[in-house]
Amino acid sequence: MTGLTRGSVRPNQWLRNLNAKIASIPMILTAVVIFLGGTVWTVVYSFTNSKLLPRLNFVGLDQYERLWEAPRWIVSIQNLAIFGFLSLVFSLVIGFVLAALMDQKIRFENTFRTIMLYPFALSFIVTGLVWQWLLNPQYGIQSIVRSLGWESFSFDPLYDADIVIYGILIAALWQGTGLVMCLMLAGLRGIDEDIWKAARVDGIPMWKTYVLIIIPMMRGVIITTLVIIASGIVKVYDLVVAQTSGGPGIASEVPAKYVYDYMFLAQNLGQGFAASTMMLLTVAIIIVPWAYLEFGGGRKRG
Amino acid sequence: MRASVSVRGLSLSFGAVTVLDKLNIDIDHGEFLVLLGSSGCGKSTLLNCIAGLLDVTDGQIFIHDRNVTWEEPKDRGIGMVFQSYALYPQMSVEKNLSFGLQVARVPQAEIDKRVARAAEILQIRPLLKRRPSELSGGQRQRVAIGRALVRDVDVFLFDEPLSNLDAKLRSELRVEIKRLHQSLKNTMIYVTHDQIEALTLADRIAVMKSGVIQQLADPMTIYNAPENLFVAGFIGSPSMNFFRGEVEAREGRSFVRVDGVAFDVTAYPARTPLQPGQKVVLGLRPEHIKVDEAGAGEVYEATVDIEEPMGADNLLWLTLAGQSMSVRIAGQRRYPPGSTVRLSLDMGVASIFDAVSENRL
Amino acid sequence: MRASVSVRGLSLSFGAVTVLDKLNIDIDHGEFLVLLGSSGCGKSTLLNCIAGLLDVTDGQIFIHDRNVTWEEPKDRGIGMVFQSYALYPQMSVEKNLSFGLQVARVPQAEIDKRVARAAEILQIRPLLKRRPSELSGGQRQRVAIGRALVRDVDVFLFDEPLSNLDAKLRSELRVEIKRLHQSLKNTMIYVTHDQIEALTLADRIAVMKSGVIQQLADPMTIYNAPENLFVAGFIGSPSMNFFRGEVEAREGRSFVRVDGVAFDVTAYPARTPLQPGQKVVLGLRPEHIKVDEAGAGEVYEATVDIEEPMGADNLLWLTLAGQSMSVRIAGQRRYPPGSTVRLSLDMGVASIFDAVSENRL
Amino acid sequence: AELEVTHWWTSGGEAAAVAELAKAFDATGNKWVDGAIAGSGGTARPIMISRITGGDPMGATQFNHGRQAEELVEAGLMRDLSDVAERENWREIVKPSSLLDSCTIEGKIYCAPVNIHSWQWLWLSNAAFEQAGVPVPKNWDEFVAAAPALEKAGIIPLALGGQPWQAAGAFDVLMVAIAGKDVFEQVFAKKDAEVAAGPEIAKVFNAADDARRMAKGSNVQDWNQATNLVITGKAGGQIMGDWAQGEFQVAGKKAGVDYTCLPGLGVNEVISTGGDAFYFPVLDDEEKSKAQEVLASTLLNPETQVAFNLKKGSLPVRSDVDLAAANDCMRKGLDILAKGNVIQGTDQLLSPDSQKQKEDLFSEFFANPSMTPEDAQKRFADIIAAAD
Amino acid sequence: MDNIAKNSMAASIDAVGGRLEDGPRGAKPKRTLSRRNIIVYGTLIVVSLYYLLPLYVMIVTSLKGMPEIRVGNIFAPPLEVTFQPWVKAWAEACTGLNCDGLSRGFWNSVRITVPSVIISIAVASVNGYALANWRFKGADLFFTILIVSAFIPYQVMIYPIVIVLRELGVYGTLTGLVIVHTIFGMPILTLLFRNYFAGLPEELFKAARVDGAGFWTIYLKIMLPMSLPIFVVAMILQVTGIWNDFLFGVVFTRPEYYPMTVQLNNIVNSVQGVKEYNVNMAATILTGLVPLTVYFVSGRLFVRGIAAGAVKG
């Protein structure tokens, strides 16, 4: 063939898609420097006894030992587990049920949707405040019910250490389920109309169709929703601070608050880092394999 | 005569849009009826009304002389097969087949029997344990048919079941559906916009346009004696060639004059005599035109524009009377573009339509 | 001879999956090459490699003798048309056509000229101001072709441009593409899995299977003398009938014995003599079988299972030698299921393949 | 020059007190730019620390004096005030001298103390006891004894906010009152875990158990909400530092008439000398650095001290000022201070880390009736053993 | 009139097997109070009450005076409507020495939110586009890191980011804050955009490449105009997120840039005797007004956008 022309030489692999790579620099920097770097930094310093400022005085696993001996950490973990599990389950269930109801070709759909979604636009400070108030036994729901004549009625979740986490859950659901509902609704709208028809011809009752056919078909939506809810759950902090500050006592403490308090109030960075490392580790154990299946592994796009 | 499915004065509107308007149709026991029409003409809507998946605006539907207008789909004794298969994706093929029966609390032994029979008939026994995602398109559609089959119903409804398949599979499954109908002998209503399917499968075809049935007849009648211009153009591939002209009468013979060329249509079996001066459309099917062969009628000359060899036959695109027309010749005779051919036209199998009413004359 | 497009030792893998493996092909100037194959065989992948939309793993690509293996798509002198039209939805038709030229900073006057010419050729002038969403499928595809046209390139790549259209439009646009090729005379590479398109459009067809070209020849050769069993079964609708049997030699004549029936294949122009005892597959096209007519070869009796009247012709499904087979007869002769017919087979146009290697004998 | 001053004094009395500082500083021809962040030190401190370490320091910032800023100083981020201190003779005027010691690291002075806050006070609502029909108690034991009567009258005996530092503080107060100054120093200054596990402290835990029972039902978070319960007579009393007095003042209550204060819970009249101090980050700006010096000296200026502390309800850091306007309670405090019955505050003695652990412990203890005093004491001893 | 008569005539004559038609005809009669409707609308209305109750309480309370609130019933409508709490929340509430309420932070919030929203969306959409359409080696790895990062509590990252910002010399500036918002918005937004762009027909992208459009041209001329819904979704998420942010606004800037939420936090958390609930509620609503407006204005697009983007995992 003819002599070498420009196109015949395999260009440097690094220069291919150069623009795309340049455009991705912010992302790569963020991912590597901030998130990965920050994580590694955090892990490294979790083995030190850094106080107010990060210092490289390595103390081995001391911080971790202390962490797992701290009753507050244990309570935090338990709370996160309960809160996480329940809010995952409830947001998904409630969100789905609402979406299913909204999908019944109802009137005023826009109005209902707006009502359910507006809390999402409010900040946690606000949510916490309002619900703290509604759940306050002196002013809130309890006092109203009592004033209606049911004297023994008792509903003060925020002041009862045994159920305080459920009180927080109420507010969390109030704020979050609207978004879940919207995601689910979008998912439902994406389901092939013919499936419904087939199920009706087969005489499958509505609820069975949802449970046995539709839900399994919504895997994609459910996963996206899970990521969004779960990332919110792991990070839950503001809501607890705004509603109870972790009280009564330490009954509603959560890991993110432990991290924050020990880093900044106790000025024991090492302890805070150890706690965050434990959180990250848990998240990584759950997420990485999933992310790999979902995005890696040479799967086709989409 | 009692019909298997009767539709009486059926109307259906989506809000202000009326899709079906006072439609009537009777379908006999064991008949294979094809609803044929272009996209959006209301075929699926009609089928969904019969199935009970859409609430009618007006009219009645009878299945086996039972008024089912307000019945639930499952109680109508119908089975339905969809274009997109609509298989339950997370269930195995077996589960897909048996699910409806289980919900209806049919005894397990009976379920097994019916599933086995359907799997036998459709030859999907080896697939029973698979998921729909592990099946090819044709296999999926077979399962979808199986799902209707196990319901042991008398009326099968098909909504473009083969549209998502490639040509080869389509022709294979077409034969299978035909075979199925011959062995089951139940009523089938089949929606399609593919005329080959309609012609090969149907006992009778209902050609629809904008919610109105244009012609309801057996395939040969539809093909050979289309009731109007729409049906004529819609059926047949390549399409019927149309020549717009005027009737002339000369020396006891009738002609249709088109752009200087006079076609002798004396042999045409007109229902009402052609009036000289009447504006008409002359329709000729590509395969009814003989090329370079002695034929019954007159001979015309035309030039080849393009040829499309299709293996078994060859499609020629010609210019005649200033109009492009196609001619199908059997075998592998080749005519390079530019060559001149002699056409003989048989007016006995032509169609003539009134240019205004567009109805057959 | 200098080829317009040459592919040399092209390999392409997605991760561990090798889709194309050391593929070679030369396409002449002005040739219309069709890549034909079933879904997933790598047709689009090959076309994308030629277009520069996929980075090859190994091998080289030449367009007009220029090595373009690593060139950007826009610098290769190609235009491409996609199955889903891929029109830019937010731009008017005019903008769609001129976008590429504007990106390349072609002077406005030149752009206008080229757009006008393309609009002229494709008869889309009245649509220029519309958005793609306001066009019908056929119009959209025409615009998509126009977009390739304005680029004034020598090589056109089509990736199943007609698959999304319905049968009627498909046959219309097919003719237009053919006409376009005849007038432009540039090189076209056309991917399809529709054999009618392949047969009617191609100068040469490359039949592909799992990334390997099975046969590269002109349509008639492919149709009449398929190189192997795959090509034979893939081309032709309805498919070629296959009979698996064993060669027998008797009294100076050769037979293929299938399930008790001996087919006399002495007339078959074998490339290598048939060996007695050899396991072979005998292939007969449905349209090469004569029914109840005197023919060149021997006569066999068969029973009609099903008939599929298709308007212009009639397809019969028969049982012969214990196997189902199809026969296409012209016209409207009807044979009800169950009737017996007499077949005469012409072995001169049959195909015989080795049962093991599956290659033509 | 403009000097931004960050602090977390946002309640009514606090804000009024800050206004005095600002006024005094503005009078020097500079400008006080207020950087208040509400939500107590917990919210504010990370912000302050990030800004200092982030290289965008404010002009001056409040910390509780003690060990909170230790590392910032060690990292060289804070300004050495030795010159100003020298010039203004802080060593002489600041009383008790332990205040300045807390500001001193390796012989250099890094902060300007502005007040003395003592924790050891029991604030009692005279109205509440009147309503319950019992005399206003004179000490902790009487208070405990009066509790049932209060409860019967529908009054919460002891108001205690939900924030963890309140519980921990209350315990420290009980410890000084019940176990005495020496034990307090043994435990917190010497970090003697044996003492912490010993019988003296066990007594304190029993008292805390009483307090816990009495505090049941005070469903409030913030300390001043708890104080408000006392002010309005919904609660009998509150163990809280002298800053609570500011709230009484803002509410227009009069010491001795509307409310009663018992330093050292009326048992052991000792007060701790924690308090607030201002730290000055190192600034590049020449002019601002000068202004910092001016601010530092303004803060210890006698007039400022008086004006500020009267509003804040705390004690001045210098003994040479005239507090004629001081009210009843403040006077009691000044007397004790003059007698030298002082101890260091836990902020000065313990690292924030140990403080936090302590807070966690007491926050849990006070909220969770099922936690026995014995268990709590064991954990307390562990914390002391691990403290540095 | 005539027509109706004819129709009914036709219907009665039109018979199957010669007998008159009887039985159901036309649309199945639907009662407004069918069991299904009661369940569906009943549930929706009850649920709506749950969602609306806090809003109702907020509004009602914000219109009451403190004495009325002290008396007690938080659900009772105000006896005497007063807008004083709103005025106070907006213009008078004190934080330390500054008594100009939320108004002080409002423009700061706008100044922070607008650039942060624009830049974070711009960056994330380019990322998503690059990931979906220009898959280069390692892209998936970075993406996975990003997704995992969505789970990192913000607090953990404060120190590393303080260090980074300090080294970049933008600590305490608006630029720094915008960078922080961009960084923390990146994981979820990138996921959203990547899925959306991956859902667009790939052939469109190929066609544009054949047409000679490069990375940026395709992004700007082809992808952007097609992606309005997902941009609306991203915008809503970011506006709500950034507008309501308190932590970053206060940690990474200086007081002159403090957003409205700092004031809100100050109003809510600095207690002067009794909590002034009416002012708190008014402040709360005022703060939420901007995201709520954005939300109401683009609510429809929101759902459409979610349908388009987020759904395919």
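In order of appearance the chains are A, B, C, D and E, and numbering begins at 1 in each one.
Going forward, contacts are C-beta pairs under 8 Å (C-beta built on N, C-alpha and C of every residue); 3 or more make two chains touch, one makes a residue touch a chain.
Note that this is a predicted model, so its numbers are computed, not measured.
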Shortest chain-hopping distance from subunit B out to subunit D: 2
Identity of the chain that, by mean CA position, is farthest from subunit C: D
Separation of subunit D from subunit E, taking each centre as the mean of its C-alpha atoms, in whole Å: 42
Separation of mean Cα positions, subunit B and subunit A [Å, integer]: 54
Averaged-CA centre spacing for the pair subunit E and subunit C, given as whole angstrom: 52
Junction residues of subunit D - those touching two or more other chains: 46, 53
Set of subunit E residues in contact with two or more other chains: 158-159, 265, 268
Subunit E residues within the subunit B interface of the complex: 7, 10-11, 14, 16-17, 21-28
Contact set on subunit E toward subunit A in their complex: 36, 40-41, 43-44, 47-48, 50-55, 57-58, 72-75, 123, 126-127, 129-132, 134-137, 139-161, 164, 182-183, 186-188, 190-191, 195, 198-199, 202, 214-216, 240, 243-247, 261, 264-265, 268, 277, 280-281, 284, 287-288, 291-292, 294-296, 299-300, 302-303, 306-307, 310-313
Residue numbers on subunit D that touch subunit A, as the complex places them: 41-42, 45-46, 49, 53, 68-72, 75, 162-164, 219, 221, 351-353, 355-357, 360, 363-368, 379
Contacting residues of subunit B [partner subunit C, same complex]: 38-39, 166-168, 171, 174-175, 178-179, 182, 193-196, 199-201, 219-220, 223-224, 235-239, 285-287, 305-306, 308-313, 315, 317, 328, 330, 332, 337
Subunit E contact footprint on subunit D (complex, rising order): 4, 6-7, 9-12, 15, 18-19, 22, 32-39, 43, 46-47, 50-51, 53-56, 58, 222, 224-225, 228, 231, 247, 250-251
